[in-house]
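See below for the structure under consideration.
Which chain is which? They are A, B and C, in the order written, and residues in each are numbered from 1.
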Amino acid sequence: VPPYDPSYLLVVVDLVGIFVFAISGALVAVRRGFDLFGVLVLAGTTGLGGGFLRDVLIGATPPAALEDWRYLTVPLVAGLLTFVFHPTVGRMERVIDVFDAFGLSLFCVTGALKAVEYGLGPIPAALMGMVTGIGGGMVRDVLAGRPPVVFNSNLYATPALLGAAVAVGLDATSLPLGVVVIAGAGVCLVLRLLAMVLDWRAPLPHGPANV
Amino acid sequence: VPPYDPSYLLVVVDLVGIFVFAISGALVAVRRGFDLFGVLVLAGTTGLGGGFLRDVLIGATPPAALEDWRYLTVPLVAGLLTFVFHPTVGRMERVIDVFDAFGLSLFCVTGALKAVEYGLGPIPAALMGMVTGIGGGMVRDVLAGRPPVVFNSNLYATPALLGAAVAVGLDATSLPLGVVVIAGAGVCLVLRLLAMVLDWRAPLPHGPANV
Amino acid sequence: VPPYDPSYLLVVVDLVGIFVFAISGALVAVRRGFDLFGVLVLAGTTGLGGGFLRDVLIGATPPAALEDWRYLTVPLVAGLLTFVFHPTVGRMERVIDVFDAFGLSLFCVTGALKAVEYGLGPIPAALMGMVTGIGGGMVRDVLAGRPPVVFNSNLYATPALLGAAVAVGLDATSLPLGVVVIAGAGVCLVLRLLAMVLDWRAPLPHGPANV
């Protein structure tokens, strides 16, 4: 096992992302009529699922989040808050989408940098960054019994992939970690917000899909 | 890899739990109109899925069950029996639910103790116990195309978490393994049976879930 | 980590299988109305998912495919081609099913032989061969929100299991690798084609499935 001592900055950034993602998972659970347990599990899997997927794929098991009470407490709190205040939280969906963009931006960078630390090359590391960013939402949607919204929304995964690629590229230079994180996350954040404002979408297939 | 030499008791207990879980998976498959292969796969994933999830998460790969013919034979037999006798088995659903409660109680304890053996702390180990108990059923439901019933039933995961916590707590004492297993599984079993009899449920969110 | 230096033959064989599987995933995505990103992800998970599942289960992480640009490029190209030419590709479904049979035959053999290299016994190795063959399609179906077609189609998993078993059996002899691959894949291919032509099916449960 390679030594993994994440800087304090990355941990804080991670926890904020987990909190926002957990809220989005908990909201979906409330709307499906799941009970408190279902809300907490969907909060947890949405907040932590992307990182778990990455950790299992790069062989970093058990996932660090499982051993760190902060990573377990944050989705629990997010789930409880959503459970209690969901009418208010639900009305703030636009605000949550903005926070979600922050979460995505942070996850794609921390995910990619962790993959680099575990010895992956630049392209797989950028892919792992994207998986970290979008994986939790995909697990949320599968558990909620719907196709992943990321397959059919305004641009979501592409900003994550590009932000992760920027972070991986800059990480190979002598720039300080803070700059790498801010640049990568910034690229993802700006692109994601633009995609939301301008409803940028990936192209759809042309012509009838003959079945 | 830490030395893992499960005591005979834990193996027997595990196999009984796998048998019961496999029946529940096979029944769902029969009701969905799956063929013999689908019935056997759903029997296998329901019976072994929770343990596989745990093993992948704690890094105990390949899962021990994959290397042990008993762990592969038991769900096969359970699936075949259900395939042939499903009208009878289906009428015994109440009885199966009771056996399922036994399976849950055994899995949450063996899952938690294996996580402890692999060096996880008490809280993650108890969570892994819960995952071992509920994971197979969640995989079953995802493969059958429905949201996990555990999100919306009378208390199921909570007894597993508490039973696992008791087992982890007692395992840190000098009590013999048999006592640890019986105490942890007993707590889970009693709570689960009470939840079934009294229809104990986790609270649902209040108010309308504005979409 | 055991030394894993797959022969050139196995790599080529793998890549052809990935290409065909990726097309089947991309076609499903087009028909679900997913966008370009969804098409590419479903192409990638269908093409690589079975191998990823196997690698995670046998502890061969990170999956070799993640580190090899050829394994990442092939599903990308397959996804793009399907995205653009899907009306033509869709009309070739019968042809694709035949190629899919080739893919299945190749995957079950390469998957089983990799499991043997990682120290699994004959039966788990044959099972891992089957998982490699059918896993990508199962991930595809779960992400597309439908029960895995393999649970309810003409024989698909059984030929893979038998082909994998033949490969594992012959691999234990002193026969050269090429013979092992051709024999195992040949058994799977012939059985799968016969199942398609004669619509061989696994038996369905008898009698009403009382719910």
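Criterion: a residue touches a chain if its C-beta (ideal position, glycine included) is under 8 Å from a C-beta of that chain, and two chains touch if they have at least 3 such contacts.
Keep in mind that what you see is a predicted model, and the values were worked out from it rather than measured.
Trainee: Hey, how would you classify the chain contact layout here, line, ring, star, complete or other?
Mentor: Shape = complete; every chain linked to every other.
Trainee: Rounded to the nearest 5 degrees, how far is chain A rotated relative to chain C when their C-alpha atoms are superposed?
Mentor: Rotating chain A by 120 degrees superposes it on chain C.
Trainee: Go ahead and note the Å separation of the Cα centroids belonging to chain A and chain B.
Mentor: Result: the chain centres lie 29 Å from each other.
Trainee: Please set out, as single numbers or ranges, the residues of chain C touching at least two other chains.
Mentor: Where chain C meets two or more other chains at a single residue, that happens at 56, 59, 61, 142, 145.
Trainee: Which residues of chain A touch chain B once you look at their complex with the stated criterion?
Mentor: 29-39, 41-42, 52, 56, 59, 61-63, 66-67, 69, 72, 83, 86-87, 90-91, 142-145
Trainee: Where on chain B does chain A make contact in their complex?
Mentor: Touch list, chain B to chain A: 56-59, 61, 118, 120-121, 123-124, 127-128, 138, 142, 145-148, 150-152, 155-158, 201-205, 207-211.
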